[in-house]
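Chain IDs A, B, C, D and E follow the sequence of writing; residue 1 opens each chain.
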Amino acid sequence: MTLQIELNGVNKYYGAFHALKDINLAIEKGTFVALVGPSGCGKSTLLRSLAGLEKISTGEMKIAGQLMNNVPPRKRDVAMVFQSYALYPHMTVEENLTYSLRIRGVKKAEARKAAEEVAATTGLSHLMKRYPRELSGGQRQRVAMSRAIIRHPKAFLFDEPLSNLDAALRVHMRKEIRALHDRLHATSVYVTHDQIEAMTMADHVVVMRDGVIEQQGRPLDLYDRPANRFVAGFIGSPAMNFIPAVVGEDGTHVLLNLGTTQARLALADPLAPGRAVTAGIRPEHIRIVAAGQGAFDVPVGVVESTGSATYITSATQPELTVVETGRGDVRGGDIIGLSIDTMQLHLFDAETGKRLEAERARGDAGAPRHLHLAQAVR
Amino acid sequence: MKRILASVTDGKGFDIGLVLLPLAFLFIMSGLPLVYNVVMSFQEVDMFSLGSFVRPFVGFKNYVDLFSQPETRPILLNTALFVSSSIAGQFLIGFGLALFFWMNFPGASWLRGLFLVSWVMPGLVVGAIWNWILSGDFGVLNFFLRETGVIEGNIFWRSDPNYSLWAVIIANIWLGTSFNMILLSVGLSGIPKDLYEAAELDGANALQRFFTITLPMMRSTIGAIIALGLIFTLQQFDLFAGITSGGPNNSSNVTQYWAWDLSFRQYDFAKGATISVIMIVFVMLASVVYVRSTRHEVRG
Amino acid sequence: EDVTISVWSLDRDIQPAPNLIKDFNKLNTGIKVEYRQIQFDDVVSEAMRAYSTGQAPDIIAVDNPEHALFSSRGAFLDLTDMIAKSSVVKTENYFPGPLASVTWEGKYYGIPKATNTIALYYNKDMFKAKGLDPEKPPQTWNELLEAARKLTDPAANVYGLAFSAKANEEGTFQFLPWAQMAGGGYDKINSEGAVKALDIWKRILDEKLASPDTLTRGQWDSTGTFNSGNAAMAISGPWELDRMIQEAKFDWGVTLLPVPEVGAERSSAMGDFNWAIFASSEHPEEAFKVLEYFVSQDDRMFKDFGQLPARSDIAIPPTGEPKKDAALKVFVEQLKYAKPRGPHPEWPKISKAIQDAIQAALTGQMSSKEALDQAAEKIKAVLG
Amino acid sequence: MSDQLRNRVMLAVALLLAAIYLFPLYWMYITALKTGSSMFATPPKFLPSEPQWGIYAFVWESRNMGRYLWNSLVIALGAVSLIAVLGVGCAYVLARYRNAWVDVGLFLILMLQVLPASLMVTPIFVGFSQFGLLDTPRFAVILAIAAKSMPFFVVLVRATFMSVPMELEEAALVDGNSRIGAFFNIVLPLARNGILVSAILIFMQAFGEFVYSKSMIQAVELQPASVGLNSFMGPNTNEWNNIMAYATIYVTPVLAAFVLLQRRIVSGLTSGALK
Amino acid sequence: MTLQIELNGVNKYYGAFHALKDINLAIEKGTFVALVGPSGCGKSTLLRSLAGLEKISTGEMKIAGQLMNNVPPRKRDVAMVFQSYALYPHMTVEENLTYSLRIRGVKKAEARKAAEEVAATTGLSHLMKRYPRELSGGQRQRVAMSRAIIRHPKAFLFDEPLSNLDAALRVHMRKEIRALHDRLHATSVYVTHDQIEAMTMADHVVVMRDGVIEQQGRPLDLYDRPANRFVAGFIGSPAMNFIPAVVGEDGTHVLLNLGTTQARLALADPLAPGRAVTAGIRPEHIRIVAAGQGAFDVPVGVVESTGSATYITSATQPELTVVETGRGDVRGGDIIGLSIDTMQLHLFDAETGKRLEAERARGDAGAPRHLHLAQAVR
């Protein structure tokens, strides 16, 4: 195990604005890291710091064991896809692609061949002679992407490289990127807003918020055992439903408060009675049943279908979202019963948002869930 | 009517108006005088007939006369040398300075501003001062060169036919550097920073970034500066008047000074105009080059 | 209603024209004079431009070699009759040189305004230091050359002589007297004497008895090196006197221009401006009255403005500055031999040919003979 | 190398470069203070032995410099305004399109300034006298200068407009602005570097303009400082120290003003605008 | 019913490049139109033409019944979110937002209030004094978005307005946009690459390819009855599986050819025997069953889980993708049976790609499917 990228206590200020707060990160060689977080949380800043484009304010940054704080970008041997593309406007697509090769003195014919290969995978072959200003948004993004992957650097840094591409192309590019990564044994850091990308491409997911790393780990670990309410809400789409709850008088059950309705769920391991908690349940873990058959009865608010799935939102406070495969036959205004898979219920401290099992079960990700909830009672 | 009005506020009419108005102004104020000069070069001009167009036409006589003069060829060659060396010097030094001051360090922008000095100083003063600086006996340039051991005896910059043109070129480079520098600074400021970032990640070192990003991105600025530098250099007059007066023996004479000398010293206005037509042709060729170069500009 | 007369000249506020005009306007003669100052370099071009667009002034002051340009073309008013009738302007009072410059084909087209000439300044202290007699300045070309050789001291940054061979009118102005003294002239510029004169100049430069910058330096700057002690002798005019009095920290004197050999004919340059009335003037009578007033004030010319009147009948009063008074005596003497350049309407072209020859010879690109032959050729073409 | 050290080294180099480049300015300053002939002394004197400080007051008083400078200012401001009004729009259009007409326009504009003022002044004078413009001589000079310098301005400002992304203007149009509004609110502020600097350069040029002024402005009350300066030059006398003092008085404040102004050349005017 | 936007035979050339080909489009007032299509197909061009930023080469364009071909953008009263944002770099966020109001002469205080309201919904409140260069990519996009929705125009044009936002914000913005649209009774054209956005937000979806409108209609109609293979593949994510097939000798069944395996499905309405067709089936309409229990047996290739769903790709030629809710227990290399919901099978002409029921059943979207397939036989 060689650490390829290592950040220790990295801070970054933009003037008074604290953009990265005490970032500690250790990435092994060959890892594909997905960096996710809400807009403005510091993902690009972190990426740019890794590339050497931003000078970090304090802390140390190592790549392949070497301190990099003052090493100029071109000596770091990383390739980056800029969120803003940063295409060379005075060069054709082909010239944009081959730029890094030409700089390195690769022969013309060879560079051209490499460009053609990359362009073929990104679907730019017919645009090689165009200038960036003559391209569509997605085409530009593909040029930015291609420019990075034409090289064989130590590390790839991708800043939302697929955001402007259509679904089919995205699926295709996803595969290509991952294949390239594996082929080169490169280390990649990949910023994305796309849940599917983060979950399916990455070996390791880092969730940031407001300049802080909230949690990192294997994708499904984050999905199954989010460290706090923020991560729970952030990972997974549609997002987890959160319901305010209190631990009952005897500490063995929680009362979920859905405005008009309440549900009482038994706890296997008792908690302090009266403690305010937040219960979280993912949409796909709620099943629609006939009214009166589930844990709750709720009136239906909006029903939206994407074709393959239907999103049903309850007209309650807070709203609950349920996903059904296929078209479903629920209409707005219906009263439906919701059956909750209590094995999938997450509990968070109402104030700190911390996951409540955390103290007990930290670190043994593979073990069975520790928070047992009895069958829902009405 | 309404359509025209709408076109003027929103459409092509707006653009056409914006161009035609100044063009018309320029045509009246500069175009007609230009034509006047061209016409004059085909006429016999009497100093007292300056006020009218009606003068005897002599065809190409003025041209034939001019080219049969022995000094014509050396003066044209001098002009070419003067223009090309001056522009090269101004541009290179100006670019160097612009890049230097572009690196952020405290005081950079203040000091950069001071370089405008060559642009503010009156031509008369600049000519005189360079006259003294380049003077053979008491000149400061010789003094420094001697003190630093570069030369043994004095170089008579102004009076040695081998140096006289270079004397003016040196002064002219000094004069034009600030103009180049400040405008290139403006050009530099227009290049998006992320291009440099991308290039740096692509592995380009400073020199490569300069040649592959800076230069091509500044194409329109550089084109404009060189085109204008050419015109300015072709109009440089004060330095010749101040330093060498075209001498000795025409060794530092150039078309613009010569044209002036013919027109206003010897009152041979037709010949003066004839030379100016030669200059026009020269600039015309350069303009075509410039205009063509704008085709490859990058629009932001 | 007053008649307005416009006057153009190069005189600045401390020089004659504006002051005389101020005084004249105070007399309330029913004539109001307006004044515009123009620069030396622009007098002719401004005048021509104005004349050809019908905006010429009534009176103008032009440099004497350029007078013929206007008179020959009828741009200036023929004043012969008015002068004949005038009680103030009398041709016999003028030095012959200046008077010749306003004359064209026997008619008077102007009135000399002032005059000047050149002579040899020398540094008496240096003469003493080099064992030369400060009271016996060089009188012939050979003596000049000898003295210059002795005085030249490269170690001390001293040249023997300072003069101007610049490629403009100043070069002609300084060279023609030499040619004329040796029997040459603008119309016989390749005569033996003229060649000899140019050879002497060439020798002076080749031997580094004068700074090589002589080729590109005007008289004022050349003499500046004399004043600062970097030249032992200088050829220049009376306009230097005030500066020299103020700045020269040594004893100096002035002597007549050296001649080719003892007893040879003397000659000198003649400078300064003439008054003229434009033929287009609507009020020639009044304009002439103004000129008469100027002439009537000629005796103030030196006293108030430090310029030498072009008249032999006006004595130069002592200034109380012995060096200056002695120098002025020499200049007045020299003025007797002053010859106008031309007059010829195409003087500038003639002058240009001479300048080119001087420069070609002095830079060693041609021999003096060749250069002057070429000049003679060009001048012949001009003279027709 | 630490940042601070780097900054110090850079500053030192910059000061050295400036010292070399500004030498003529220094020479102007000290020549003003020297006596007439000591400027011809060998070896050169780098400090005046008896500085003639009174010369500034003398020159200011005797030449009535206040009036001259005022005229220069009027002419320069007039010319800059006229050029800016006419030139900015023209430059903008020439930057916005890329077609044969633009080529023609650019070509014409360059060609129209090829001749030096000394050769243009005669025909302009003749023309102006016909239209009676010489009765308002300062205005006439403003017109002439504007014609002379506008091509310079247009070509330079066009180059700056090239760096303003077209999309920003489009956004303004969609936001409901007219072309004119978009031009003033969006395009102009983003091109301010080039416009500012070009205007500065033109102002300075117009401030020292000499050839047109001396021919067209006959009344001394209306003449600019450049013409006043020249009156120290005589046929056989050049009062160099007065000339230098005079020039010092007018160069120094103008230079100082523009050192301040040109600091506003900043980079990244359009950064963050486009994805 | 008033037609708000009407395009008749619109063509657009960029030099020789034909970007829009004979576009005919009629959009009713108040409709929310989603414009989708692969990268570079001409969506932005169409939007920019509607805004008046591109001059269309031929054809006519009407807004609210008025011919717009030569009407300048500001007179069209549309608001647009640019794909490239096009923020005013010399203005703060607040100034960017209020710009359109200020030029309309709205009072300062009022404009400020409006800006604050919009900023609150887009989460920009704390950034009002920043300049665009000081914002993150997503923040910039939100400014671009806010700048458009602060106005109350006749029509909104959105060019991928949410592509750089995280999932939660996206869901939120989706709702806001749709609510705004409904509140203003505006007409909106919305370009997106996000299937969910297109399906859930739009009343009407327009699918483009290479400058041509391939199909338009209600979202679920497009999903259920794509007019051709392209639309079928484009709408729906993961994309529909396509399997080459031929009609059997008697014309009553098709033979699906999966390289090594073949499946024979009966046809209710006979087709010309031997005709080459392409069969399409969406991933969610394939169920995994024990090997030998379904229509095919296939070896499993890649298995990817997003947490809520698992994508199983078969190691066949062509690949088949199947979606399972939850985690699933299939591993790569397993042999599984696939059961196909034949009611959901789509048939396309192998050459033209046209939907095969089209001739017969055009126009009656509500009617039951006409192409009956018998239960799969092995």
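Just so it is clear, a residue touches a chain if its C-beta (ideal position, glycine included) is under 8 Å from a C-beta of that chain, and two chains touch if they have at least 3 such contacts.
Everything quoted here is computed from the prediction, not taken from an experiment.
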Chain separated most widely from chain A, comparing mean CA positions: C
Looking at contacts between chains, which pair has the highest count of C-beta pairs? B-D
Cα centroid separation between chain B and chain C, in whole Å? 37
Centroid from C-alpha atoms only, then distance chain C to chain E, rounded to Å. What do you get? 94
How many Å are there between the centre of chain A and the centre of chain B, using C-alpha atoms for each centre? 59
Chain A and chain C, separation of their C-alpha mean positions in angstrom: 94
Find every residue in chain A that makes contact with two or more other chains and list them. 83-84, 137
At which residue positions does chain B touch at least two other chains? 10-11, 50-51, 137-138, 192, 194, 263-264, 298-300
Two or more other chains in contact with one residue: find those residues in chain C. 41-42, 45, 49, 52-54, 157, 221, 225, 228, 230
Per the contact definition, I'd like the list of chain D residues that touch chain B in the complex. 6-7, 10-11, 13-15, 17-18, 21-25, 27-28, 31, 39-44, 86-87, 89-90, 92-98, 102-103, 105-120, 122-124, 126-127, 129, 143-144, 146-148, 150-152, 154-156, 158-160, 162-166, 178-180, 193-194, 197-198, 200-201, 204-205, 207-208, 210, 226, 229-230, 233, 238, 240, 243-244, 247, 250-251, 254-255, 258-263, 265-271
If we count contacts the way the header does, which residues on chain A are in touch with chain B in the complex? 48, 51-53, 72-74, 77-80, 82, 84, 86-91, 99-100, 103-104, 133, 147, 151
Under the stated contact criterion, what part of chain C meets chain B in this complex? 41-42, 44-45, 48-49, 51-54, 69, 73, 75, 157, 159, 166-168, 211-217, 221, 225, 228, 230, 348-349, 352, 356, 359-360, 362-363, 365
Using the touch rule from the top, collect the residues of chain C that touch chain D in their complex. 10, 12-13, 36-42, 45-46, 49, 52-55, 63, 116, 157, 218-221, 224-225, 227-230, 237, 239-240, 243, 246-248, 271
Complex contact set, residues of chain D against chain C: 35-43, 62, 122, 125-126, 129-130, 134, 214-215, 218-220, 230-231, 233-238
